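Below you'll find the structure I mean.
First chain written, first letter: the chains are A, B, C and D, and each begins at residue 1.
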Amino acid sequence: MIDRSEEKDIVVEHRFIPRDQDIDDEIAWAKINTDVLQSMERPRPLYWVIFFASLLLFSWGVYCEIYQYQNGLGVADLNNPQVWGLYIATFIFWIGMSHSGTLLSAILLIMHADWRKPIFRFAEAMTTFSLMTAGLFVLVHLGRVWQFYYVVAYPNERWVWPNFNSPLVWDATAIGTYLTSSVVFLYFGMIPDLAICRDAASGFRKKFYWLLSLGWQGTDRQWANFRVAYLTIACFLIPLAVSVHSIVATDFAVSQQPGWHVTSFPPYFVAGALYSGCAAIITLFIILRYVFRFEAYMTMPILDKTCRLTFAIAMVWTYLNLIEYASVWYGNDMYAKQALIYRATGSYAPFWWAMNILGSIVPFALAFKSLRANLKIMMVVSLLLNLGMWLERFMIVTPTFAHGYYPWTWTNDWWPSWVQWGIVIGSFGWFTMLFMLFCKLFPTVSMYEVKEMVFHRKSSRQAKK
Amino acid sequence: MNSLFHRQCATFTMIFFAFFLYCATAFSEPFVPGGDIGSQTENGFNSLGPVVEQPIEFPHNVHAGQLGINCMYCHTYARRAPVAGIPRLNKCIGCHQWVASVKDKPRIQQLMEYWDKKEAIPWKKVHDLPDFVRFNHERHIQRFVFQENRPAKEACGYCHGDVANMVTARRVKALSMGWCVSCHQKDHPISATNSKTTNGPNDCWQCHK
Amino acid sequence: MSLSNLLNNWAALRETRPYEDQYKNSDYKWGMVVDLDACTGCNACTTACYAENNLPVVGKETFAKGQVMHWLRIERYWGDGEQLPEFPEQGAQFLPMMCQQCEAAPCEVVCPVGATHHTPDGLNSQVYNRCIGSRYCSANCPYKVRYFNWANYPEKAWPNPLEMQLNPDVTVRTKGVMEKCTFCVQRLTEAKNVARTQGRKVADGEVTTACAQACPASAISFGNLADPTSEVAKIWKQQQVKLAKDHQDKEEGARGYRIFEELRTYPSVLYLERVRDNEV
Amino acid sequence: MSSYSNISRRDFLRVLGLSGAAATLAGCGKTSIESGQETVQSFVQPEDFVVPGIGVYYASTCTQCVSRCGVMGRVREGRLLKLEGNPQSVISRGKICALGQATVQAQYNPDRITSPLMRQGGALVPISWEKANQILNDQLGSASRLSGKQIAFLTGEVGGHQSVLLNNFLETFHSNHHVVYDPLSTAVGRSASQVVYGVDQPLLEIDKARMILSFGNDFLGVGPSSVHMAGQYARFRKAPRGVLVQIEPRMTITGANADHWYAIKPGTEGVFALGVAHALVQHSAYSNGVPAEVISALKAYDKETVSAITGVRAETIPHLAGMLWERSPSLVLSGYGAESHANGQQNAASILLLNLILGNQNKTLTGQAKQPFPQLLPSQGSYKAFANLNNEMSAGNIKALLLFDTNPVFTSPGFMPFAKNLSAVPFKVAFATQLNETSNECDLVLPLLSPLEDFGTHVASYQPQGIELGIQQPLMTQLYPQTRSFGDIMLDLLKLRGVSEYKNFPNYYAYIQTALIKSKPVFKSGLNDQEFWEDALSKGSLRLDVGPSTLSPKPNAVSIAKPKEEAADLILPFHFVPSVRADWRDGTHTNLPWLQESPDTLTTVAWDSWVEIHPSTAEQMQIVEGDVLEIKSSAGSIKAMAYLFPGIHPDTISMPLGQGHTAYGRYADGIGVNPFKIIAPVYDEKTGELAMHATRVSIRKTGERGRLTKDEGATNLQQGRKLVAMVSPDQVNLSKEISHVVK
């Protein structure tokens, strides 16, 4: 256990990091190991409280799903125009979340932005878990989930293919690939750290890490292979990440609904995905930094960079959003225009305005250095941004169905039933649960990369001298 | 221990390759499901369908086998209706009231009882397709018996097996979708005289209802 | 199932738009004409549809949720603008709306498992047992005429002996599958079967849909567009509506139109404009 | 008791019926390949045309309403699957309405009674037929001392040989106390056309008219032969296109199809008609042939006065007159709406007077063909007779009451204590297929075959073309062995009464067979008796092609009073117009799930009652859709949700009849409310019939708000889309079109 008596001076500890440095390059490698490994030690009671709370949420979601499975989707109060409801909205939300990890670990890796190193690990974990959550929503929303394998193209007794024209088949393929490769990427990147854990751990834990670390010894040969493989997977992952959310976008862009039939949807979705992902990273950054005392690694300058990155993406998203409105407004598609006006003035208008304010106005908080330096404000802001992003997905699905081509089926007062809410909330429980497990089983900060970072910083500083 | 890491890698790669190879072969060559069933039956009979208890143990081997009566003499609806149907009771009586030799056989006694009660015999279905399937005997009989002049035994037998050697009928073919499609994709001559061939319809609504 | 098979049909798979004289050489292309001037909105067609196609009666609560299953619904509009008139002085505007059996159906392309596809007769099929219930087709249908089994309706819809009314030629749909108007395909199949045994094509008027057969004002007529001598084909020709065009250039006096033609769905249902005297 | 074993077809029906039950369980979503689970269809010795998997059609006659359409039923594996119109019947011309379709559900209704029921300790308990016959014998047998007015038979509009047997049965008690109660009886209209034309119901040749001016006549909805008239209407719309103008306080289906629809104050239709008449007789072409006193009496009806009374714009009157002038022959119809007021007959007469002035008689308005079977005509109902019966019951003069095909406890107005009087009657027998509010109160309930299991003969009171004697025959074997044909029971009763001439009829089937074969000469058929009978069965009807008779109208029979404006009622400001749905009628059919599920065409509401109120009125009273309103009349009050309905006069509110059942099976019970119960005791001055549309009510918001079960979405407008395109006749060339209306 960690001695809690030194808390005060830990809190002000970032004082001695020079402003221009992301991390204190004098920090000892051994300290890095101990600091990170302590995060994996026996959890505090609060941990269990939160853990079981999220477990409870998750099991409530499971109950709702079983109830819906038995009685049919009718209990979700979906109906003829409103065929998708919250399930698809939340599905997009989680897919979006998943893009942060790839951004930090793969894209920034290629761009040699080494400030990513202390924070990309948990971002990747986030990617994996949110993808798993998103996958669940695909299944949850199916009418006959026990037949989901019809979508997969495999040699079968019925002699029929899936319909390769359908974006859903693309979805299934892309998400499947993305999930596997991000799991591989996450695991692969952890191998050296797992070896460290193996050496530090004892008892059955030792066995566990011994198995996972695949006999990593840190020989030059291993490092060489490792680097190549890691880079390869990273390069493989980047186009995948972009394609996945573009495909999710095509689910809508390919279809006919007024308001969906927009060419700018794929970039719009990708931007939105990175946006919500970064917001989520900020949230978790602050939480982990506080909970695990990672002030030495998740330093303010890194948060600052992350926030600036987020702000940039937010602006891109805002731009694409405005483009979408403008193209509808100045275009002569009467149906799409009606749909847009309905969103801004109809019964879902409050959500629409909230979405636009949270998505495009609130991020300006990230533009101010003073605010960026304030953890509490950043926490609130990041949560607001994610709320905004969820509302965006809600606005894409529900009002479109409520005000489609066919006036006879227009609905003004559709609202999801408790079953839908239950499953959505359950998914958050599920995500939190997985993430908390991860924090205790695996190092949330990549030790070897931090060491590299420290080493590089130090050597370059000495070179400057 | 030292070199474990690479071998592990190698193993992974090999597994991946094996999978891709499997897919490649599987997808390029049509996957033909077993013409003779195993898994399709609920209580897994390896080559024959389950034995069905019929109200009267009707000896196909006698009628179709020894006597060589044409299938469609009794299953008369097959050529003009979607279902082949069971012969109406008076058809059985029509013959058996004259067949003195077997009059006192227990089966015939049963038959006569039904006739006296003017009660239809509750025969059990042996080849019972799912309710969403629309199979039309008429079309197949018209095509293969009347146009291609195949013997009824062969035409019927393709799906119903060698009934002439069974007592009560048993299901011997898969009757699964792939099994139907595998035949529908073959080319069949449109008639005995004409060399032109067509394959069966591949439109879903031909068989799904 | 084989790759070659798939590649051979790839072109057909990507062909999503009808072309001139597409059905010139095929035996059947089923089409419909609805005369909105004759339609009195009496609901006979909808009830006939319930009787013919095993449509479940869902009951009050489910109906209130908007989960009703009428494949053919009679819509009633009070005006064409966005402003409700004080009195509907030209009467109500009735519209029998069923699946339009589009030639370029938005539902077909998006179904992940190909449960809805285009038949050689130009119908827009729905294979219940293949459907996994993603509801993408319904989301993409501009007419919103696809209905989803939100619950296991057969459980409650036909308490004994009501189930004796069920039509054996039509599947009873269970929980989680999409369904829609089929132009009474079971009748068409039967008619085609009879005709084929007699070595001929289905004659005009030999087969019709349940709604057309019931309609007391004969507002609905149904037939084979591939046969130029059939009644519907004549009406389409006389109304100068071409199946494969997304906008029609007609001369004065013709009142045929298709709904949402500009969306390039190429529906197979032709509506005849409702004639109302403005001077009255 | 009643076995039809002598006909071979009945045999096959029964055998199929047996295995039919097994077959039904199939087809319900079995998704795997099975062996030995289900039984095969198998027959003993069916007819040759019976092939498994192929449906066979049998002709019969629909008994759901008075039209008596010829229908045919698709039978497969011994079960009736669907009803279609019978092309050989001139009444239905191969078409069928929603109500007719739903007969199948009356047949398979899960709430049918399957054995005789007897009241024991307040509850109805099943008993055997022996017991039931025993009771009947004790009460009504030859030993019975009942006579004359002590016994009464209360029925709906029963006709054919059923009514013949029924009346013969009553005669054995020296009683003619057969009371027919039809809550929506057209007695006023009939009497009016008696006054003007000397016939009950003239023949409407809608398709011949070039203009129809209809005062609340819902001939497309609840007309005397709505399916036939829908066909005529379709032809009327083809070139040369006729114009339909509807004038009524609340839009009916017919009004919804009008070229122009005018909202008018309820009860002032006659005044408006006289206004038009006044405008017409200005022209010499019309004035001659019209008696002078009529013309002089019309003087008072100048358009301003009329407009002031009716609330229709004054310029409308000359406009319509002008149209009638140029579009001849025209047809002016008076409808239930105009007739069910205190001045109902007056209204109807003045409306019909227009036809005389326009000279439509024998052009678009002729007499029906001469009826060779007057005894088979359905006996017409009248409220007066029913009220008398009720008084007799309260006086305790009725010792035995037999009820058939009517539900007075539900349909009698609230101010009439019929239920109370009924319970006071010592012996009450109900003949019913299903329990309802009335049969629930009876001492003995006899289970009947459904109309689709029974034989019968029908002569519609409105014969659109020639004479058609509809023959009703079973479309499948009876579902429940304990149920019996009404005819059979009547025969048994007659035998109990010891009437000799019925001894040699084993059952109702034999009776009508003999009766019809006896009537063969009328049809000048060359066939022998058996052929004649088989032919009739296969066609489903016997036809007699006779032309319409000519009308000889009596213009001066119409008395024209001075126009007077009715005083506004401050306590009960609103007119209450109960609307009749074509497929619910008086509520006899709300137990059929299809009819509950099919949304009302004008409001798209299903599974409920609703209050139609004009948007402007609603705005004044701050009422929005779903507000629960309390409708209060002098007779009582009911609550229902509001529906904003533009097709109604602002001073008027309307509710559909037929809902609000309490004991009519799972599909009707607890759905909506029953407006019959707030009808006020206002009667037609001339005929004494209850004026259904003359009730005045007040509205109160209860403060509760619900959600109406309706099909329409957030809008009832096309929102600029081209869904129902409208075009004016001069823009289209109808004469060039290929008409696809069945002739």
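In the analysis below, a contact is a pair of C-beta atoms (placed from the backbone, for glycine too) under 8 Å apart; a residue touches a chain by one contact, two chains touch by 3 or more.
Values in this document were obtained by computation on a predicted structure and should not be read as measured data.
Participant: Kindly list the shared contact partners of chain A and chain B, in label order.
Facilitator: Shared contacts of chain A and chain B: C, D.
Participant: Based on Cα centres, what is the most central chain?
Facilitator: C
Participant: Go ahead and name the chain pair joined by the largest number of contacting C-beta pairs.
Facilitator: The chain pair sharing the largest number of C-beta contacts is C-D.
Participant: Using the average of all C-alpha atoms in each chain as its centre, how far is it in Å between chain B and chain C?
Facilitator: Each chain's C-alpha centroid was found; their separation is 35 Å.
Participant: Distance-wise, how many Å sit between the C-alpha centres of chain B and chain D, to the nearest whole number?
Facilitator: Once rounded, the distance between the two centres reads 53 Å.
Participant: Can you compute the centre-to-centre distance for chain A and chain D, using the mean CA position of each chain? Integer Å is fine.
Facilitator: Comparing mean C-alpha positions, chain D is 66 Å from chain A.
Participant: Between chain A and chain C, what is the gap in Å from one C-alpha centre to the other?
Facilitator: 44
Participant: Give the residues of chain A touching no fewer than two other chains, as numbers and ranges.
Facilitator: Each of 81, 155-156, 159-160, 405-406, 408-409, 411 in chain A touches at least two other chains.
Participant: Could you list which residues of chain D touch at least two other chains?
Facilitator: As it turns out, chain D has residues touching two or more other chains at 26-29, 31, 53, 712, 717-721, 723.
Participant: Check each residue of chain B and list the ones that touch at least two other chains.
Facilitator: Touching at least two other chains: 27, 30-31, 80, 82, 130-132, 176, 178, 181.
Participant: Quick one: do these chains touch in a line, a ring, a star, all-to-all (complete), or other?
Facilitator: The chain contacts form a complete graph, every chain touching every other.
Participant: Under the touch definition given earlier, write down the residues of chain A that touch chain B in their complex.
Facilitator: It comes out as residues 154-160, 214-217, 219, 222, 225, 229.
Participant: Using the touch definition up top, name the residues of chain D that touch chain B in the complex.
Facilitator: 11, 15, 18-19, 22, 26-46, 51-54
Participant: Spell out the residues on chain C that touch chain A in their complex, using ranges where they run on.
Facilitator: My answer: residues 1, 6, 13-14, 16, 62, 65-68, 73, 75, 97, 106, 109-114, 117, 130-136, 138-140, 142-144, 147-152, 175-178, 260, 263.
Participant: Flag every residue of chain D that touches chain A in the complex, lowest number first.
Facilitator: On the chain D side, the touching residues are 712-715, 717-721, 723.
Participant: Quick check on the complex: what are the chain B residues that touch chain D?
Facilitator: Chain B reaches chain D through residues 40-42, 49-50, 52-53, 77, 80-83, 85-86, 88-90, 115, 118-132, 170-171, 175-176.
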